[in-house]
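Chain nomenclature is as follows: A, B, C and D, assigned in order of appearance, with residue numbering initiated at 1 for each chain independently.
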Amino acid sequence: MAGYTDTKDDHLKRLRRIEGQVRGLQRMVDEDKYCIDILTQVSAAGRALQAFALELLEEHMAHCVAEAIATGGAEADDKIKEASDAIARLVRS
Amino acid sequence: MAGYTDTKDDHLKRLRRIEGQVRGLQRMVDEDKYCIDILTQVSAAGRALQAFALELLEEHMAHCVAEAIATGGAEADDKIKEASDAIARLVRS
Amino acid sequence: MAGYTDTKDDHLKRLRRIEGQVRGLQRMVDEDKYCIDILTQVSAAGRALQAFALELLEEHMAHCVAEAIATGGAEADDKIKEASDAIARLVRS
Amino acid sequence: MAGYTDTKDDHLKRLRRIEGQVRGLQRMVDEDKYCIDILTQVSAAGRALQAFALELLEEHMAHCVAEAIATGGAEADDKIKEASDAIARLVRS
């Protein structure tokens, strides 16, 4: 079971909204809309994607990482390293 | 005419690929894929969105901003201020 | 005891290097160096600061958060929430 | 003459404040302050560095880039490409 099972519907709803934002961007490009207006929408889609990632990460730490730590051993260290690497990718992207 | 008219097809292709990535994320959530794998894909989609924005911005500066500056006057200052604000939004998002 | 006690010297060395980078920026501005060269150095200092934050965060999760989870209770949830908030601030800054 | 000559004092003041923030970080590490509090200060220093970069970039576009465009020729294209590359480095760092 993934750590986000309870919030799956919210995540799907959020991702569908982001998909809509990306389709909106295609429409703007297709209709030769002004670059700056497109860029504003790109920033909004980027922030929405980031908010999704942060929520997923928090759930992952509260469930998967916490369980691994409660169980202990090498698995716990691995999970922490893995989460830290994912955070680094997010911070740098 | 928008500054990106020559590259419109490339932009649309790129955005459709990003749309595919966001739909892939929905599939991953729907199939209870592992959080960390989802986060890796979110970072990839975020970087793709960022690459699109940077390309659009460069074209905007090379066309719209450059033309306004060549014409001169208040319009030029406005375009530079507007581009700077869009850059700030991108850097912060 | 903070989670980074073993690596304190490394952190201090790293921060002194960042301080040197910021002083280097002052020198560049003072000597009217070219904007783009200054911006390159700002990016380098920003990345160094980010690398420091990511290392500190990883240690924090491996020590403070892991201990709180091993102990269990409300403290564990608080630590996870607190770490998630710090991650969000990093991702957004 | 660099594009930021009029605002040199403001930039130097701002950079000295950032230097102070980085020295404050060293003090916090040295006194074993709590990781999360240190991370909050790192985010603040990162944002201050970013704000400095954005201001410098805006001045650069309003002066150096605008002058090159007004003069025209290959120099103008080079300046726009160079500014775009600097923006990409900032967005990605």
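Operating definition for what follows: a contact is a pair of C-beta atoms (placed from the backbone, for glycine too) under 8 Å apart; a residue touches a chain by one contact, two chains touch by 3 or more.
In this text, all values refer to a predicted model and were calculated from it rather than measured experimentally.
Annotation: the chain A:chain B pair of sequence copies touches via predominantly the same residues, more than half of the used numbers being shared. The most distant chain from chain A is D, comparing centres defined as mean Cα coordinates. Rounded to whole angstrom, the centroid-to-centroid distance between chain A and chain D, based on C-alpha atoms, equals 28 Å.
Centroid to centroid, with C-alpha atoms defining each point, chain A and chain B lie 18 Å apart.
Look at where the CA atoms of chain A average out and do the same for chain C: the two points lie 22 Å apart.
Looking at chain B, one finds that residues 50, 53, 57, 83, 90, 92 touch two or more other chains.
Partner chain D is touched in their complex by these residues of chain C: 1-5, 8, 11-12, 15-16, 18-19, 22-23, 25-26, 29-30, 32-36, 38-40, 42-43, 45-47, 49-50, 52-53, 56-57, 59-60, 64, 82-83, 86, 89-90, 93. Residues 50, 53-54, 57-58, 61-62, 65-66, 69-70, 72, 76-77, 80-81, 83-84, 87-88, 90-92 of chain A are the ones touching chain C in the complex.
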